[in-house]
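First chain A sits with chain B, and in the next complex the same chain sits with chain C.
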Partner chain A sequence: MGRRRSAAAQPRQPLPSQAMSAAAAAAAPGGSEALQAEAFQRLYPDQYLAKFVAQGVRPDGRPLALPRATSIGLGVVTTADASALVKIGSTTVLAGAKCEVMPASADEPDKGRLVVQVEMAPLCSAECRPGRPSEAAQALGEQLGALMEGAGVVDRRQLCIDAGKAAWAVYLDLYVLDADGSLYDACLLAALATLASLRLHAVTVDDAGRIHKAGEDGAAAAPAAVAQQRPGSQQQGAAPPLRSLQLDCQPVSLTCGVYRGQLLVDPTAEEEPLLEALLTATVDEQGDVLGFYKAGGSATASQQRVLECIEAAKMRGKEVRGLLQQALEAAGVADGGAVAAGS
Partner chain B sequence: MAGRDAQSVPWFAEERPQAVLADGARLDGRSFEEFRSVFLKTGVISQASGSAYAEFGRTKVMVGVYGPRQSDRRQGYSERGRLACDVKLATFATRQRGIFGQSQEEREHSAAMQTALEAAANLDSFPKATVDVYCLVLEAGGSELAVAITAAALALADAGIELFDLVSACSVSRVEGSLLLDPSADETHREDGGLLLAMMPTVNEVTQLVSRGQWSGAELKDGLELAMGGCAQLDAAARQCLREAAAAAAAKQAAEDGAAAAQPAAA
Partner chain C sequence: MEYVSPEGLRLDGRRPKELRQLKAQLDVLSTADGSALFEMGNTKVLAAVFGPKPTELRSQEDEKRAIIRCEYAMAAFSTGERRRRGKSDRRATEITKAIRNTLEQTIMTELLPRSQIDIYVQVLQADGGTRCACINAAFLALAVAAVPMRDVVAACAAGYLDSTALLDLNYMEDAGGGPDVVVAVHPNHSNRVVLLQQDNRVAVETFEEVMELAVAGCRAVADFMRGRLLEHTRALAAARAAGEDGGGGGGAAMEGDSGEELEDDEY
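Take a look at the complex of A and B:
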């Protein structure tokens, strides 16, 4: 992200200190200070940010180490099997999962499929245009997919309907609606919230390969349907049981930027192109690192910086998992670890 | 795309309802000439020049407006301004999962939105430049194009693009001889005729009228009147939304000015 943006934006040009103080002086007096400040920000974004950071604050009023306010809304799209709207400050990501049925693959007859894709909708920022998916969006999707698979977030054996015959294909699509920095964090949280709230229908496959709701054709419930009744659906009596996914870990990430020797946590789109390096740490609930990502940047990161970033990610993880748990409880789909998954 | 080459098939837990009218009433309990619950909000995307979110029942649409900005080079030269519209449906917005690339339906929606809005924007106020109107349908619960056009007009107003009037649009479906305002997805699925009307309510000019199916003259007149009444209602809601946004912005500005004035005094 940061790299792509900074290529478009003006490069950091170290201004002669005289010019800088002159600009600062021009900004200081005068009647319309707000206008002056705005002009200064447009003309010298780097100096603008530096003045804030030197005082230990950010342009949006946060201290350097404070992530933005975060909210999670579940079940916002009723046509999706599960969905989540995540906001981190202004950054907004909408994730939706659709389940389809696929024939079991020859290689992994007892596993289903999870496909993660990210789309930066053209409305999310001034740089995104309609047409081919942008490189940044593809990179985000790849990273998320690799994390889901590599860290074993979802054991895909849970997506099995009938081993060797049929399995669920879960398509997890993420739309960035407002790109105000730290997209990976928001995407990962939206993906996690969607998977945590996903309920699979208990179905059976008959000899002709057709799919039925479990119990509908008199057959015993599918072996995979050791299931949990969704609270609130009891009044329908013989409602099909729904099964939640057991997540083996809950990865949460935090992006930090390096700027003039300081660590800026959860940078905004305004800050990102000015940062010297972006570090993203992903940790699970034990604080173990599931992924670390530093995408180039003009500065290197010392071991100290990396550890600082991981520590911050651990703190953030606690906070975010609390929010997620609250959201799941509010939506009535909390699993609380009590779900006996079929696998 | 990864989703296409592997042969997975959709499976629906719920069938579509067989009939959308039971005893002369709509399934959701609305009267024939009633909108679903309408929610409109502007200023929802921090990066955009203007933006709007519209929710009509289950239909949810987000619009971002960027520009006026430099036209794409391949667009060629134009003395007047240009309004470029792009409508996309999220893959999970529909009953059956959609595709990531542009579908035929999306292309038609984009073209329809452009013609519906072009007449309302003062294109001479931004010569040689382009205003991009990007629309994403988050959930297609019926009448999504009409909702998108209404939201797009709000987003244009929010972006400060000069308009001759707001545009509001609504759909009418004819099911079993009854005319239904603002149809849901199930109602549109069962319709034997439908129309979409986009108009500028204050000047009472129609910017777009598209009808589907066979209509008798009298029916079409009734349908048109119903849609025009609907557009007038929507226009009131849209103006209310803009007024509230302006009031909120003014209050915020006043608070900031107050804080700025208080600061030197304190120092």
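Take a look at the complex of A and C:
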């Protein structure tokens, strides 16, 4: 959308206007109609959407209750310990996790850390500006972090290496590359996919109490031990043992918008500002509610509405977990704890 | 450390004068006017262009030409060690400036007075040569956004290790301590050099050799990018011929029109 918006906002720029009139002239008679529809959409976005919704469809051709096509790609960034690229329609989020060894904290000596950060890269939409992280990005990060902690997605005791001494800090960075609505859903799915495919390195503690990831320089102790047990095996050939993360639940969320008494599922960036209220329901695989978010909006939500949204989220959860399972199997990491928890 | 084996192969198995595998996907983002994902081996860069549009700040407006704004950022997980790169990062600022200056010389800013073009580059995965990959990605995104340009601008690095000139260094080679020459050229204007960066002690003869190799690399990169742009334009033209110009197709075709021919001054 931004493309067309900016093309029209440049009266002094000869190129697009020429091209536009050329396109209008060259195209079939339908071309100018398309242009008129575009002008109508820009001038009266609310009426434009209302005309669609009255017919039970959305401007992108979806029925009101259908979420957009979703895809999950795992292991797309090789420099990260785990990564996932999630697309919901054209909303795109790239998540990457990096694990670092940290000294155990005094408050929670037997727990590691999970830090979730959301960054909206300035290239994600025409409205984003470089500079300080936007309010939306910070809010998303906080919401996701609170969900991970509150719903107990990852038991952080798994991140303990040596109680009171060392633990893992997992940094989960989410980059919104294309912001086309329902960002929370896409971010949560990317976070979940990344954590489900994350493998923690085996570690060794040397005499000086320093900790090394197995397979890295200075971690000679572990492979040597392995080699002693199995004299036949080659030191280099032995793959460093990796531990998968046990996820206690698999949260999936769905955002619904209220528009003129109707519920629009998985709204796009074009629809979002026109909606009267946005409801986001997060459910786990049993269908229990892990979170619900409705921040203001001009419409209030009845209990009925809330339940409708939760029902839709449950349906969506089944679909999305299926996709995640497929992606994990395709990436060959499906044997882990995430699956056990999911079944 | 041995950077070139006795058989003449490098750490990643390439020959000294071999580029890494190049990949480009155009128009990958829905909201940007132009965007491109460019890969040189394991280095992955995403670039997006917004504009040309009216200048946001009146005070920055230039009556004679367009202003170019540029922002370079690295994903926290893009490098081996996770590092929080602040916005005030000096290295990022320097790269931003190099990219902006290169593109200012390439875009025909004088045709777009009082306007502004925003260029954002995001490094998703870094394995040496991010600077070059960024310039190439930004060029592709600009071309997709139909911004008029003087020429293709292609960037490539070359270095010198183990008495051998090496093209397109990866991270390991970059860290090898030899000279690293970054060049960006306009290949259709007798290889006019737009950007040249080199910060290491090096003999003049060596420098010449390395520079020559880097320019040859740029030409190869330029050919690759031109090919991808032509392919992209043909696909758009085919889509339009197939009558796909309802709402969305109309915009795409419009941009394809002028997108094709930025290469030479046709104005």
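Here are a few things to note about the model shown:
Quick note on the criterion: the second predicted complex is superposed on the first by the 278 of 343 C-alpha atoms of A that agree within 3 Å, B and C clash if a C-alpha of one lies under 4 Å from a C-alpha of the other, contacts with A are read in each partner's own complex, and residues count from 1 in each chain.
Note that a contact is a pair of C-beta atoms (placed from the backbone, for glycine too) under 8 Å apart; a residue touches a chain by one contact, two chains touch by 3 or more.
Keep in mind that what you see is a predicted model, and the values were worked out from it rather than measured.
Using the contact criterion defined above for the overlaid structures, shared-chain residue A:G96 touches chain B and also reaches chain C. When both complexes are overlaid on chain A, the residue A:I211 reaches chain B alone and has no touch with chain C.
In the superposition on chain A, A:A106 makes contact with neither chain B nor chain C. In the superposition on chain A, A:A37 contacts chain C only, with no contact to chain B.
After overlaying the two complexes on the shared chain, residue contacts for A:H201 are found with chain B alone; chain C is out of touch.
By the document's definition of touching, both partners, chain B and chain C, reach A:A80. Contact with neither chain B nor chain C is seen for A:A69 once the two complexes are overlaid on the shared chain.
In the superposition on chain A, contact is made by A:V115 with chain B only, not with chain C.
Taking chain A as the reference chain, the count of touched residues is higher for C when chain B and chain C are set side by side. Overlap of the chain B and chain C contact sets on chain A: residues 34, 77-80, 83, 90, 92, 94, 96-98, 100, 117, 119, 121-126, 130, 171, 173, 175, 177-180, 269. Of all residues in chain C, those touching chain A in their complex are 29-33, 35, 42, 44, 46-48, 50-54, 71, 73, 75-80, 82, 87, 111-115, 118, 120-122, 124-127, 146, 148, 243, 245-247, 250-251, 253-255, 257-258. Taken together, the chain B residues at the contact with chain A in this complex read 1-3, 6-11, 13, 44-48, 51, 58, 60, 62-64, 66, 69, 86, 88, 90-95, 97, 100, 102, 132, 134-136, 138-141, 256, 260.
Across the complex, chain A meets chain B through its residues 33-34, 76-80, 83, 90, 92, 94, 96-103, 113, 115, 117, 119, 121-126, 130, 133, 169, 171, 173, 175, 177-180, 201, 203, 211, 213, 240, 269. Those residues of chain A whose C-beta lies close enough to touch chain C in the complex are 1-4, 6-7, 9-10, 12-16, 19-20, 22-23, 27-28, 30-31, 34-35, 37-38, 77-81, 83, 90, 92, 94, 96-98, 100, 117, 119, 121-126, 130-132, 171, 173, 175, 177-180, 269.
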